[in-house]
Amino acid sequence: MNAAPLLQVQDLSCRLGGRTVLEGIELTVTAGEVLGLIGANGAGKSTLLRCLLGLQRRSSGRVLVDGRGIEDHDGPALARRMAWVPQPKGAAMGMTVIEAVALGRLPHRGTPGADHDERVVAASLHALQLGALALRPVAELSGGERQRVLIARALAQQARLLLFDEPTSDLDLRHQLATLQRIRALAHDDGVGAVVVMHDLALAARFCDRLLLLAGGRTLAQGPWPGVLTPEHLRQAYGVEALVAEHEGLPFVAPLKALQENTVHV
Amino acid sequence: MTASLVVAVPRAAETASANSLRQQLLARRRRRIGLLLAAVSLLAFVVLLSLGLGSGSLTLTRLTQLAQPGNLSDIEWHVLTQLRLPRTAMALVCGAGLAMAGVALQGITRNPLVSPYTLGVSPAAAFGAALAILYGAAMVPGWGPVITVLAAFASAMVCAAVVLGLASVRSVSPVVLVLAGVGLTYLFAALTASVQFIASEQQLAAIVHWTFGSLNGRTWTEVAVAGSAWLLVLPVILAQAPALNALAGGGDEVARALGFAVTRVRISVTLAAVFSAAAIVSFTGVIGFVGLVAPHIARLLIGGDHRWLLPFSAVAGALLVLAADLIGRLAFAPVVVPVGIVVAFIGVPLFLHLLLTRRHEIGA
Amino acid sequence: MLKGAAAWGGAALLPAWAQPGTQTEVVDDAGRRVALSLPLRRVVVFNRYTTEFVRALGAMDAVVGTDIDVARQARHARYWPSVTAAMFAGSSGMAPNYEAIVAMRPDAVLMPRNSDWARAATPLAPLGIAVVVVTAWDYLKHEFNVELLGRLFGHPKRAEALNAWFRGWRQRLGERVAGVPVADRPKVYFEEVGDWRSVLPGSGWHDMIEAAGGRNLFGDVRLGDESTTRGSVNNFFVDPEEVLTRRPDVLVKLQPGQYEPHPREFALEVLQRMAQRPALALLPAVRAQRLYHLSYYLAGGCSKITGALQLAQWLHPQRMRGLDPKQAMDEWLQRWQGMRVQRGYAWSLAELRA
């Protein structure tokens, strides 16, 4: 595995409308690993993702992709290194599946990689079993299918770093499993580095190599799941009393009861 | 450092379906080329009709004798080159320019109701001309028509500046842009109505004439100016086709995540679109439907990929305006129905027909 | 009802016809029968042509309201010295200001045929204000309307004098051009405000062209039923190619204008630009400089008789020898309007270039 990190975040802070939404975030993602971003609503997970992508302006700190700050890459070059899989609502209406996936090749315009456009798009479609749906309008697809289209688009970008924003919300159990297995395979088999924002703790623990728990805009804990998903951390981050257990190698988290408001650090 | 394929090359078992996909894509590409060629042929045919039909002795048959020089009389040659050709050329520039502006504006605002008219550009031009007419500037000997055109253009660009100002504010969403445009449309329409209210009867006739939109009596000078403006912005808009696709595919943030400087794209596209639209309507008057309907007709036929949509809608717009002018000229000859009126009559039913038969394909 | 009205504030509030006295019935230009107490003492007049006739009859002191906006346009104040800003009753017959009209306490409101007279009766009739349709721009109905005005204002002799004057000129004109065979009647391309905007049968200008011994270039075009369109603004856009194909003998540009004539340079510029239009440049008429600049003001004078005379002189210079249209216009201005004479209402391109 390549030792140089794909993504480095140093002391990142973000203030929005007078409030400090993120403070002092530090993280690293190397090739072949999946980092899960977890935390309560409003803890700053989506904001952090957008700061990484450069969609949200940060107040301080640095975000380095392949060793260079994101502002130092030009737009298309950054998009060839880092791909975003947003939530599928309202995406790519009025297009066919293949057109939506082909958008992922746009950052390669004018580069030698553009010669492979057709092959890469076809490969991306197949990787997500979208071959039969290729000429269908995206508007006609189900939520799970649309999710796959967005992942295929990110694959078509051929970026080593993939950022997923809640890829499992609005999906049924079967598709949640499929999506997360796919993400893990991309990392472990193809050497992609992935950051995945999630709210389901058990699934996060199971499919991510490391977790980063955000509470009140700060890193509460970071690392493999046993060190992060402790009852004390969950009390602080979610304001719940919870039971964390391991059964046949699979993690389980069961919330027991909600605590008083003032024990939550938000 | 070249990026290696992240995803493995498809294995043999999947190659069969890969091939069928390729077949389907080729078929679609062939279909699109066919559509484009058919549209261009139809346009060429209508151009021929436009050059060959009229009240004079220059008929279609006479036109075919053009191949042998010296076969047309002086008058016929004059009619062809000084009356019919400039008129036809203006119709092409007007239709293509307004349609492309419509596509571009719809693309960056992600709103199908946007056009140069609904963003206030055309009504603003009408207002500028109305002011010039009201203050008698239009009657200044020698400069009158030029002043009117400049006033129309200036007014349209003021409106464009407002629209542009909004477009460049980072946190302004396309919805806000569209609503502002609607507001501006109404504002300028009301201002023009106020001018009409205080104008004398003769001024009123001149103002109303200007707001109709007409290709009557256009000269080569006017064609040259309007045509140059359009040709100037043509490469700018075409170059942004990928950006427009990205915006259509998921909005501002997706486009930015794909590496596009969205604000800059928005500004340059808006500027190009309203500039060419303002230049055109400053000469022809307000022709309202082309910028709205031609893009959609094109979209329903050739799809939403802007690399195809932009040229195809230019052809569709040119067809629409030229056909409308032809009908307006011939239906009640020698009286001419202004093209702005006829465009609505033929454009809207066509659009509705396509919409109803193909609405499933757009998923809007 | 009279007692009730008196209770409102006195008989002074009542219009003439509500007061005891003889009532006469007149038939107006729209064929309506209107009962009035004549002569009218307080009248609101819409349309400049009608007001000019009222002035010609010497009855301006009975005018309490007009559509002439002296407050906003100084030139109107010069042309209408007896009209004050307080007399403004609405911008036109299409948009009367009913409240202002009522405040003027008129006996009647005079409106031309091409106005909103049908609806005006609704708010005005209950207040005893009669609406009388009088049209002063119609060449073919001049005498009827002038005679009507004479009766309305109690100046029948003056009306008859005006009619005699009109008839005299019309007769002399007719003598000169009546016998002209069709082939010798020049084809006239008559352009209104707006390039390529010409007149069709039904327009008052069409009648004027015919009276002047000419043929309207587009006189064969029938759009709609003439009986309903007659007198309406029957102007339409025409195809420049049609103008070229039909080969007019004479081109006349009708220019919006008022009592003050256009400057000579202006008229020259307009005609030269017209002569350079691609569709016209090759016409023999243009080469022979048979383009004319005609002010709306002169063209429309006295039911267009002055316009017809001027146009006839351009069309038939030989036949019209000895009959001076400028004399007619001078008489109209001096004798009938009490204004100084002016020149420059009508130019030929040849004159301008000389």
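Some observations on this one:
Order as written gives the chain letters A, B and C; numbering starts at 1 within each chain.
Here is the rule we use: a residue touches a chain if its C-beta (ideal position, glycine included) is under 8 Å from a C-beta of that chain, and two chains touch if they have at least 3 such contacts.
No experiment lies behind these values; they were computed from the predicted model shown.
Greatest centre-to-centre distance from subunit A is found for C, with centres as Cα means. The two chains most heavily joined by C-beta contacts are A-B. Subunit A and subunit B have centres, each the mean of its CA atoms, that are 42 Å apart.
Distance between chain centres (mean CA atoms), subunit A to subunit C: 80 Å. A straight line joining the Cα centres of subunit B and subunit C is 43 Å long.
Residues 50, 53-55, 74-80, 83-84, 86, 90-96, 98-100, 103-104, 106-107, 109, 112-113, 116, 118-120, 122-127, 131-132, 134-135, 137-140, 155, 157-160, 186, 190-192 of subunit A are the ones touching subunit B in the complex. Residues 72, 91-92, 192-197, 200, 218, 221, 223, 233, 235-242, 244-246, 256, 265-266, 268-270, 273, 277-279, 282, 296 of subunit C touch subunit B in their complex.
Taken in their complex, subunit B has these residues touching subunit C: 54-57, 74-75, 78-79, 82-84, 86, 139, 141-142, 197-198, 200-203, 205-206, 209, 214, 216-217, 219, 329, 332-338. Contact residues on subunit B toward subunit A in their complex (touch as defined above): 2-3, 5-10, 14, 17-18, 21-22, 24-25, 28, 242, 245-246, 248-251, 253-254, 256-261, 303-305, 360-364.
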